[in-house]
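This report refers to the structure that appears directly beneath it.
Chain naming follows the written order as A, B, C and D, and within any one chain the residues start at number 1.
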Amino acid sequence: MKPTAILLLHCPDSQGIITEVTRFITDNNGNIVYLDQYVDRQDGMFFMRIEWELDGFIIPREKLKDYIQTLYAVRYDMTFNLYFNDVKPRMAIFVSKMSHCLYDLLARYKAGEWNVEIPCIVSNHEDLRYVAEQFGIPYYVWSIKKDHSNKAEVEQAEMELLKKEKVTFIVLARYMQIISEKLISAYPHHIINIHHSFLPAFIGAKPYHQAWERGVKIVGATSHYVTMELDAGPIIEQDVVRISHKDTPESLVLKGRDLEKIVLSRAVTKHIERKILTYNNKTIIFS
Amino acid sequence: MKPTAILLLHCPDSQGIITEVTRFITDNNGNIVYLDQYVDRQDGMFFMRIEWELDGFIIPREKLKDYIQTLYAVRYDMTFNLYFNDVKPRMAIFVSKMSHCLYDLLARYKAGEWNVEIPCIVSNHEDLRYVAEQFGIPYYVWSIKKDHSNKAEVEQAEMELLKKEKVTFIVLARYMQIISEKLISAYPHHIINIHHSFLPAFIGAKPYHQAWERGVKIVGATSHYVTMELDAGPIIEQDVVRISHKDTPESLVLKGRDLEKIVLSRAVTKHIERKILTYNNKTIIFS
Amino acid sequence: MKPTAILLLHCPDSQGIITEVTRFITDNNGNIVYLDQYVDRQDGMFFMRIEWELDGFIIPREKLKDYIQTLYAVRYDMTFNLYFNDVKPRMAIFVSKMSHCLYDLLARYKAGEWNVEIPCIVSNHEDLRYVAEQFGIPYYVWSIKKDHSNKAEVEQAEMELLKKEKVTFIVLARYMQIISEKLISAYPHHIINIHHSFLPAFIGAKPYHQAWERGVKIVGATSHYVTMELDAGPIIEQDVVRISHKDTPESLVLKGRDLEKIVLSRAVTKHIERKILTYNNKTIIFS
Amino acid sequence: MKPTAILLLHCPDSQGIITEVTRFITDNNGNIVYLDQYVDRQDGMFFMRIEWELDGFIIPREKLKDYIQTLYAVRYDMTFNLYFNDVKPRMAIFVSKMSHCLYDLLARYKAGEWNVEIPCIVSNHEDLRYVAEQFGIPYYVWSIKKDHSNKAEVEQAEMELLKKEKVTFIVLARYMQIISEKLISAYPHHIINIHHSFLPAFIGAKPYHQAWERGVKIVGATSHYVTMELDAGPIIEQDVVRISHKDTPESLVLKGRDLEKIVLSRAVTKHIERKILTYNNKTIIFS
């Protein structure tokens, strides 16, 4: 794997922008290995993901952000993020009692599917410590009291851990707690949740029971970035499975597990690959 | 096609019921060509669809309903419907201005896909008269005033037409009017609507715009029986299609059309085949 | 709808190419309304679709092809096609006896879904003349003898019709005849067929029966461009539907019809929108 | 979980059969908790799965098989299998080098999703020993020489292990070896394989590369029982995922992994639940 730079940007659309950005890279001897762009013609916004090899690139990587800022960001009113493929994202996993998503994430990690580090798993219960131990990943438990009286304290401890471990994004793998504003603000659009329904249907608790009550013929799962409004953040990925009148709430829970795993993992994959841009509470997902 | 009787029934579950019903048919020399049953173990309810050939069957068809009523209905607290495959259902189609569902229904009708008669098409607009004329089906227009002041009068006329034409069920093929209680009561669970979203998400008007606003990655369509509560009747069929950030409200409308056609036609097929039972605002769909 | 030019091109990848092409348009005062590109990094090929408004564009439309040829095609070893959105493609439909695809195509045409003209329908049977008449489109029948002794003669007549009607592409809507080399050569990658299986499974005759024999759990349909090798041309679109052991060859035929309609129509849509490039017997489909 | 008996049977269809079987159970005081049946009207075959509680059932479980044999099997020319839900199937897993299916199976096992025992994992490579150790399951390696000169000997050892561990069925979780006739004969329709294509397309080696070469727009995976003919046994489950021209053989391999996991696990679930009947090289899957 050759080292590359990945630039994700958006700005008001203007005719020269794609030309400018590609020329900046090619003129400085960068070999472009990925380019995808999208124009939202309704809002007049331009979105781009471009990746190029750093070997032989004239601008040193530590100055690259400055150059882009100076040369383009102001002029084009551009918002951008710059990543390097050899700087791995660091992912914390939050869990409660159910193991299926956690196993799926860790099996992919162990098999080397992802360019990521997982320095820690956080939980409010001891239940899944054995899974963490199977994979040799530190497991931290902070119990949250029923009256939530220690919630602020717990989150403070969690945030210190996240900071210490240089965590860059969080995955809520069926973590059955509401995340506080403070933590959300520390990781804006960098906390991925899996909700076990086809949002916006069946927001909140027990969505499979809600689905069964309503008599739907298809159930779904939704991965999204966490925002302050419950189950209302930018949707990253959804998928569905067909059910029938023969299903019970219990069989829906089982079928749903498989959906949750795959939908969550697809979202995590895209996030790790730096292929997601958020705008107006929606996602642009580069392919 | 040999003449058959079709019995759809449900009752509280009891161990002997399936034995009793099958024995009733075989003992009277009926050749069973279809049998499917389902037990809702949570509610303790038994549901069955059974079909047998009438040739050689000992009980005359005109007495069959009485016999079933006398022998089983009271004893088992059974609700049942009896149909004959050579008595075709008669379907009225209600439309407004969009032709895609209407064409799909009529093309199937013309190709002989369905064992049904379509004696009339009803609309509140002249727009689709040409489609009805292409297929040689009478087209009736009653304009509903914006203030709905003539709505009762219009529905009265419609109901007279439906009665005259011996209509047994109604298909709302993107009919953009609310059906009144009177008409719904005359056709309980016999009016099929197509809603252009994955219910219960995006109830009400402009669901594709709602979907686009929310940034979902999948859109759906839902066919259901009409009840007094808007978009809340028993769901018959749903399907979905994957979309992306590149879609606009306009492209969703186009993609949705294809969904609407197929989801509505699947529901109509099941209804015509007498394979739907409704119970507790849900459907049991026999395969 | 403002007039636009649509340029579809491919050439060996080189770093400056995207910059060059976009600059060519913007420097000449063209407003780009669509740009999508794809690089096949294995073969080192660059593919692009770009569309821009002609109002105010400096180069006159009748000279545009020459300019692109002179300025880029030679230099970049580029293959390109230039279209204008106000010059509608002209589509001939070939049918045999089944109406479902034909109705679906014509219903879309009539509803104005497509920017296309349909000047003629060609068949080897009289069966579907009534459909053509419903829609007021000329219907031509040339019967092909069982021994195929008049096939060359028939195709000659067909090709004269296609020429007279300025047909730009052909849709085989369940046309049950093999197309000859002569006709294929006259419309290279411009004849769209619908095959009623998930190719390359079940090539040739009676694919639903083959699928039923094999006991598959899913059946499919495939639309592709016709080439000299049977059912082996570039695939444009595929879709599938789940089946079960309860299905019979007959029920598969019915379920398959719905697939065939949608898969064929999606392919026709992409072709009309000029969003398909073919390369190495595969398609690049722009979104 | 109350103890139940599960009877899977098939025989030539005759009118009284469903009545007879259900009466046998209810007359002997059995409480039926599951009944599903299917008639193949083309072949005139009757298939049934029936499950009832053993508490209070008059016939002792150890004599049940004899009774069914004596009372029904001969008379109705019936083939049947009798299971008890408290006698767990015992599953051996065969693997080579890829971990994704193995992890998925073991995570479900550990989470208690399945009523099964997994006494051993067998491989021709050491690579996945660490996974077996994570889950505390014995891992046996027998290397097969490139010239296959020790293959008979290896299979002999494997069969002794399977016998010792009372293995009732085998799952080939991406086991990259051909199974010999001897082992197949010992486990007829009790060896489940996952093939990484939508069979019968792309039989044999490197199906994703074959799929990429052909330019398909959808790839699939197929789980089936192993028979003597390669990739031609009864299909249990299939599923597909949409791809595009942007996919490479490598990205297909990754997308395929997710398919393989889910398709294999669904097949294993049905097998464990004793919901699969095989007939004429096809499966009947009860829901």
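Here is the rule we use: contacts are C-beta pairs under 8 Å (C-beta built on N, C-alpha and C of every residue); 3 or more make two chains touch, one makes a residue touch a chain.
For clarity, every value in this text was computed on a predicted model and none was experimentally measured.
> Find the chain most remote from subunit A, comparing centres computed as mean CA coordinates.
B
> Which chain pair is joined by more contacting C-beta pairs, B-C or A-C?
B-C
> Report, in whole Å, the distance between the mean C-alpha point of subunit A and the mean C-alpha point of subunit B.
One centre to the other, that is 42 Å.
> If you average the CA atoms of subunit B and of subunit C, how many Å lie between those two points?
Spacing between the chain centres: roughly 36 Å.
> Using the average of all C-alpha atoms in each chain as its centre, how far is it in Å between subunit A and subunit C?
That pair's centroid distance is 38 Å.
> What are the residues of subunit A that contact at least two other chains?
Residues 244, 246 of subunit A touch two or more partner chains.
> Going by the contact rule set out above, which residues of subunit C touch subunit D in the complex?
Interface residues on the subunit C side: 38, 40-42, 198-202, 214-218, 220, 234-240, 244-246, 248, 280-285.
> Spell out the part of subunit A that touches subunit C in their complex, as residue ranges.
Where subunit A meets subunit C, its residues are 15-16, 18-19, 22-23, 26, 31-33, 35, 37, 39, 41, 242.
> Which residues of subunit D touch subunit A once you look at their complex with the stated criterion?
98-100, 103-104, 107-108, 110-111, 113, 134-135, 244, 246, 254, 257-258, 262, 265, 287
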